[in-house]
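One structure is given below, encoded as structure tokens.
Think of it as A, B, C and D in the order they're written, each chain with its own count starting at 1.
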Amino acid sequence: MVLVPVRTWRKPLDADKVKPPVGEVHLVKDRCKGCGLCIEFCPKKVLEESEEINARGVHPPKVNPNNPCALCGFCSAICPDFAIFTTEKNAKEKESKEATRE
Amino acid sequence: MTVATTVAEKPKIVRSGRRFMSGDIACAEGSIAAGCRFFAGYPITPATEIAEHMSRRLPEIDGVYIQMEDEIASMAAVIGASYAGVKAMTATSGPGFSLMQENIGLAVMTETPCVIVNVMRGGPSTGQPTMPGQQDVMQARWGSHGDYEIIALAPSSVQEMFDLTVDAFNFAETYRVPTFVLADEIVGHMWERVNIPEAESIRIVNRKKPRESPNPKFAPFKPDADLVPPMAVFGQGYHFHATGLTHDERGYPRTESVEAQTRLVQRLCNKIRKNKDKIVRVQEDMLEDAEVAVVAYGIAARAALSAVRKARVEGVKAGLLRLVTLWPFPDEQVGQVARRVKAMVVPEMNCGQIVREVERASKETPVIFLSKLGEEPHKPEEIFEAMRGTLK
Amino acid sequence: MSKTEVETKTSQQKDDLRIGVYVCHCGLNIAGSVDCKAVAEFAATLPHVVVAKDNRYTCSDQGQELIKKDIREQKLNRVVVASCSPRMHEPTFRRACEEAGLNKYLFEMANIREHCSWVHLYEKEAGTQKAKDLVRMAVAKVSLLEPQEEIVVPITQKALVIGGGVAGIQAALDLADTGYKVYLVEKEPSIGGRMAQIDKTFPTMDCSICILAPKMSDTVRHPNIDLLTNSEVQEVKGYIGNFKVKVSKKPRYVTKDCSACAECVKVCPVTAPNEFDVGLATRHAIYTPFAQAVPSTYMIDRNICLNKENVIVCDKCIKACDRKAVDFNMKPETLELDVGTIIIATGADVFDPANLVQYGYTKHPNVITSLEFERLINAGGPSGGRLIRPSDMQVPEAVAFVQCVGSRSDNANLYCSNVCCMNTIKDTLLIKEHWPDTKIHVYYVDIRAFGKGFEDLYQRARKEGVLFVRGLPAEVFENKKTHDLWLVGENTLLHEVYKTKVGMVILSTGLQPRHDSDIIQRLCVLSRTPDGFFMEAHPKLRPVDAPTGGVFLAGCAESPKDIKDSVTQASAAAARAGILMAKGKVTMEAITSKLASDKCTGCQLCAKVCPYNAITPVPERKKVELIEAACSGCGTCSAECPFNAITMRHFTDAQISAQVDAATEVDADKKIVAFCCNWCSYAGADFAGVSRMQYPTNVRIIRTMCSGRVAPKFVEHAFARGAAAVLVAGCHIGDCHYINANHQTKKRVERLWQKMERLGLDKNRLQLAWISAAEGEKFSSQIKEMQSIVNSVNSGELEKSKKMAERG
Amino acid sequence: MIEEELRHPYDKFLRKDRIPHIWCEGCGNGIILNCFARALDELNMDLDKVAVVSGIGCIGRISGYTNTDSFHTTHGRPIAFATGVKLANPELTVAVISGDGDLFAIGGNHFIHAARRNLDIKVICANNFIYGMTGGQGGPTTPMDTWTTTTPYGNIEQAFNLVHLASACGAVYVARWTTLQTRWLTESIKKALQKEGFSFVEIISECPEIFGRYNKMDTALKMMKWFKEASVVQNFSDPAEAKITPSRIVVGEFVDIEKPSYGRLLKEMRTKATQRKTGE
């Protein structure tokens, strides 16, 4: 929506406090069938087709480090092959601990 | 199974005692006594009374009666109920029986314990709904596509409608196979005195349960020595899969493997064939010294008995071999008799079905076939004349 | 009065016209440069004039009584007053006539003040001559005037208020409390406007939001107020008392079930600078602009939300909301409102100081604007009320305020923004209150503490030790390491150069018209003053009325003003609108078109040019049909009709030709006949008068409601009469008060030019000019420029052009 | 990678030894399985009490992939089978997941009657407009004029409007989404799983390999683009008007009403029956 044109040129003072979570993308490469849905519909354009060829002979997606993941999880929701999912970056250690505990 | 005498209110599950009832009702009562708590069916003469009686009885004893939209659905529902752990039955006649065939195959493939009652009437097609017949004997054996074995019993009295229905359930549960009660219009509609035993004295068999508790490696179709796998049912945490596709012991589809196909189909046949002696039952009358034997089942067996008695009075050494189990076929028993007698007479209310099996089993011994179609069953005289004829 | 009656009545009157002419001195305003007595004496010589008098103030009671008396005693049946602009006093004199029993449409004015005395201050003779001409023209017209009957239309007793700032809120509340249904349209997600952003208000220093918030909640709770936020006015049709308004309401994507629990905000993965905090704080895609927002319902900014179009990729807010209030399926709606009055309270924008590079705004982090200051000093703001430097979050030891940023300057806005001085003084006191030791320098041009309690506040600031230095800094430098700032400039009182080091510079930014004012201007056919703010119908006597009937102005939309003035003006506007609606009906000026069916051939040319679809063709009867109620009286149909089948009441062909004749009776070859539209060009000429812009005396202005009324035959007639030049002037294209009637003006003038070229005439003699009500300057220079053309016209040329009408 | 594979959040809903599944690249069936798993996860359902029943066709294989009790029935019969399961063990949540041909051509009769009875089962239909597993024949949902291997001159049959059919037959919950609207789809599956009575969720599912290929949308991306451009959300609009045309796919929730399920009525009838004195 068009608000009163205010010049928002500064980094907001609370920018560091209210940092939205950054996601980490995990690929189960060999499950990928290369349909490209995750790449197409990622709102942050985090994913792109990779050069490598997986066990199924397709190019699985790869992460573009310049575009941080917003953790919406749509890639994982739309993937027909359970080949991709996301976790919160800083939450990773704690999570992996749990994983090992299991 | 406890007898419901405790609460005066509660309707009895097994209505023990001497009772006067029709064959269809006896069948229904038998199924209940055997532990059947699920009936899915579709109205069809002359089996309708079974459904009607079930619709009255099952709700009283926390059972489920449901009239489905057709016999295809009825058979599918029965399989579903059985996989949910409940003993289930359906009852029909010729046309409905035909509709059930595909899912009977599914029951075979998924080794589903269930009972299908076919009160046979005159066919083919709509034929003669109110007239008796024994024309579905071969369909019961071969009706669904592919190779398989089933069990079929042929009651010839109202008492047997009760007893054999109980047995049918026991066989189904023991061997995880669809089991048929092949009655006919006369036996179904006939009223007779029935002696229903006390609940305790009724032998009830329940399917084998898995010995292992749920685990990721669980194989729902891994057979025991008797070739019958213990049966897991839904809702117990086994998370198992069953399919009409050729499958391995895990229950997973194996649609391209020759090995899997051979192993599965052969086991499905062998678990019946190898246990034949435990399944097959016949009734012998005055065969010890008989020169001619009548081989009969169902309603025809009743005329045959009086024919044999008459023959004995007339001095003809006649005897009766009544087939209680039609499938698997009692070859040995028929063979033994054949070897002892000069000839055999086979009265059937069709154009010759079991007679082919009798001929196969009795080798050189001549077999006379007495066909009967329509309202009238065989008259004892006809059978007697046929026997005397063989001895001339 | 039926048509036939009118005809018979007028035909009788034709025989014995009795005209009274009254020449007004207007003190010395007119008499100072026009010999009013001579004009009156001249008037007496004109046909049918039976009374001709001059007096000091014709508009005074005595003046009016005199007219009434003469009407009664002298049996006057026509009245002319030569005084100021009809846009000023025509209603006054019409009333007088009516009170004396004379149909008010039998009155005419000669504008010898704005169009004569004030613009020819030093040419008494020529001025007087012109005044005589103007009276001659008025008399010529008045003798052809006919009594008219006004149609009365009902007024919808509902009001539309555009803009939900404090002015809009006040106006809405006042009208709603009076008992009228009010639609309050605000394009932002919340009402509150600028006042909600401000920390404290001067001079009382009370908390801005604390006094505003209750009004805001009153507004949303008021049974008579229909609050439409996120909404913008799309279309305004109709006329005073009967506006049809289309409002487009953007979806919030959050339903009314929202309890403002903010759980959604916690999970929203996207952020953006919060506009409300001028970008100093962060908001999420799902948000509420500020804590006290009204309505409190949250909304989703789909521009940054991850969910675009049909694809919901992110469902975090949906899941977080217990009340299931998030609804991405909401669609934009268009509401159609019927209202009788419209109040425009669209507020103002804040000047963007980045344009003034010398202050280094957007280059030096510690240079902030006064609006940013408000958010910083506000306890509920991004810094929790701590005045911190964006560079290091430290409270500065010294700060400097720079005044008139964007105001009173050639390279920004010329006008004074009116609120900045007091705002700064208030701010300095706030700083002193929290951090008494802070050194505060205020660099100003003049301190304008004109209002109630303002001077006290100013003195308090001085006592508190705030240093006021006259002379704005020439430049602000930054120490790249410390981010401290150096201000360099001249103290114009001490005539010495100053070089001050401070931790923070606050630019006291001025106010300017909304960047999108032109939209509202077009929708409500308004005018704007040279500074770009909306123009009132009259600067003194109708300060809250817009020139368009039924439309009123409130708050900074009209001119920069503080909260008190905005609220005052809002209540005034509400009262004005209320008066109109209380009447329940309004009489429409009887200046609409009439169709003479017998002359109509059904050619449909008129239907094609009518901006209001008031004319519908009836092909089967080879005629057209005219709906008078829908007609607004621009007269472009009449100008188009080749068969004179359409008459414009009160602006008939005959009346206008008569004015042309009168204007060209003497020295035609030296004269410019100017046709000016009532709303813009005529008002522009008035404005030139008000501003005393001097220009040559040889122009004779004929007023038409719209330039679209000017039929080619009028121009040709002027030339036929030997006029040296003709000016056709109207509203700017797009600003036409009759939607687009002036497009026809353009076409017609172009056709005339072609014809003149064909006939080998100098087409420069016919000028077309777009002059707005605010462009007095433009009007006078237009007349000045035309002098060379007038001088260049030779007799041959004149003779040729006299025949122009006859030749095809 | 293995270690990550172990950690795929939804692996616990799958028979991992059966993944990757047999479905083609970009097939909607995988997305449906994904959404179903997500629904189970978000509802935190007891997997021991969930039974998945499927029929024949590509989507029919789904029961082989869900880590629950599951049964892969004959063509068209999953609903009839499910009837037996649900009535025999009411504490199970029974989900029938099958295709448009299975449920509405050969199995149409079972669908309408189960809906009529308001049997408490959840029917999730993957509608890909075609018979995929048999190579692309036309079926009850194939749009008019569409090219399939059995409609080489364009389909001349009217297509079923499944949501209209379901609501007309008495379903208590009816929704339709495309596989692109995974979020709404998952919510609808959750609603269906929780609701008492016959619930129906139709999923317009892409079959790029066959339907797509025959109709100028030979990749999942192209079909998704169609879903994105054509689908219009119209919650609780008249299902009769919920048309599917090349330019317009009306999606949304259409029915959400309360009505006693067959199971509940059966239970009540039983209590009546048991209390009745047996007149003998």
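Assume a residue touches a chain if its C-beta (ideal position, glycine included) is under 8 Å from a C-beta of that chain, and two chains touch if they have at least 3 such contacts.
Computed from a prediction, not measured in an experiment: that's the story for all the values here.
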| item | value |
| --- | --- |
| Most widely separated chain from chain A, with each centre as the mean of CA atoms | B |
| Comparison of A-C and B-D (more C-beta pairs in contact) | B-D |
| Between chain B and chain C, centroid-to-centroid distance (C-alpha), Å | 99 |
| For chain B paired with chain D, centre-to-centre distance based on mean C-alpha positions, whole Å | 37 |
| Whole-Å separation of chain centres (CA-atom averages), chain A against chain B | 62 |
| Euclidean distance of C-alpha centroids - chain A vs chain C, Å | 53 |
| Numbers and ranges of chain B residues touching at least 2 other chains | none |
| Overlap residues in chain A, where contacts from two or more other chains coincide | 41, 74, 77 |
| Junction residues of chain C, two or more chains touched | 311, 313 |
| All chain pairs that touch each other | A-C, A-D, B-D, C-D |
| Residues on chain C engaged by chain A in the complex (per definition of touch) | 187-189, 230, 250, 268-275, 277-282, 284, 301, 303, 306-308, 311, 313-314, 316, 349-350, 352, 354, 362, 365, 371, 382-383, 388, 390, 393, 515 |
| Residues of chain A touching chain D in the complex | 26-31, 33-37, 40-41, 56, 58, 74, 76-82, 85, 99 |
| Chain D to chain B touching residues, read off their complex | 15, 18, 47-49, 51, 53, 61, 63-64, 67-74, 77, 80-89, 91-92, 109-110, 113, 266, 269-270, 272-278, 280 |
| Residue ranges of chain C in contact with chain D within the complex | 309-313, 315, 318, 329 |
| Contact footprint of chain C on chain D as seen in their complex | 180-181, 183-184, 187, 227-229, 231, 233, 235, 252 |
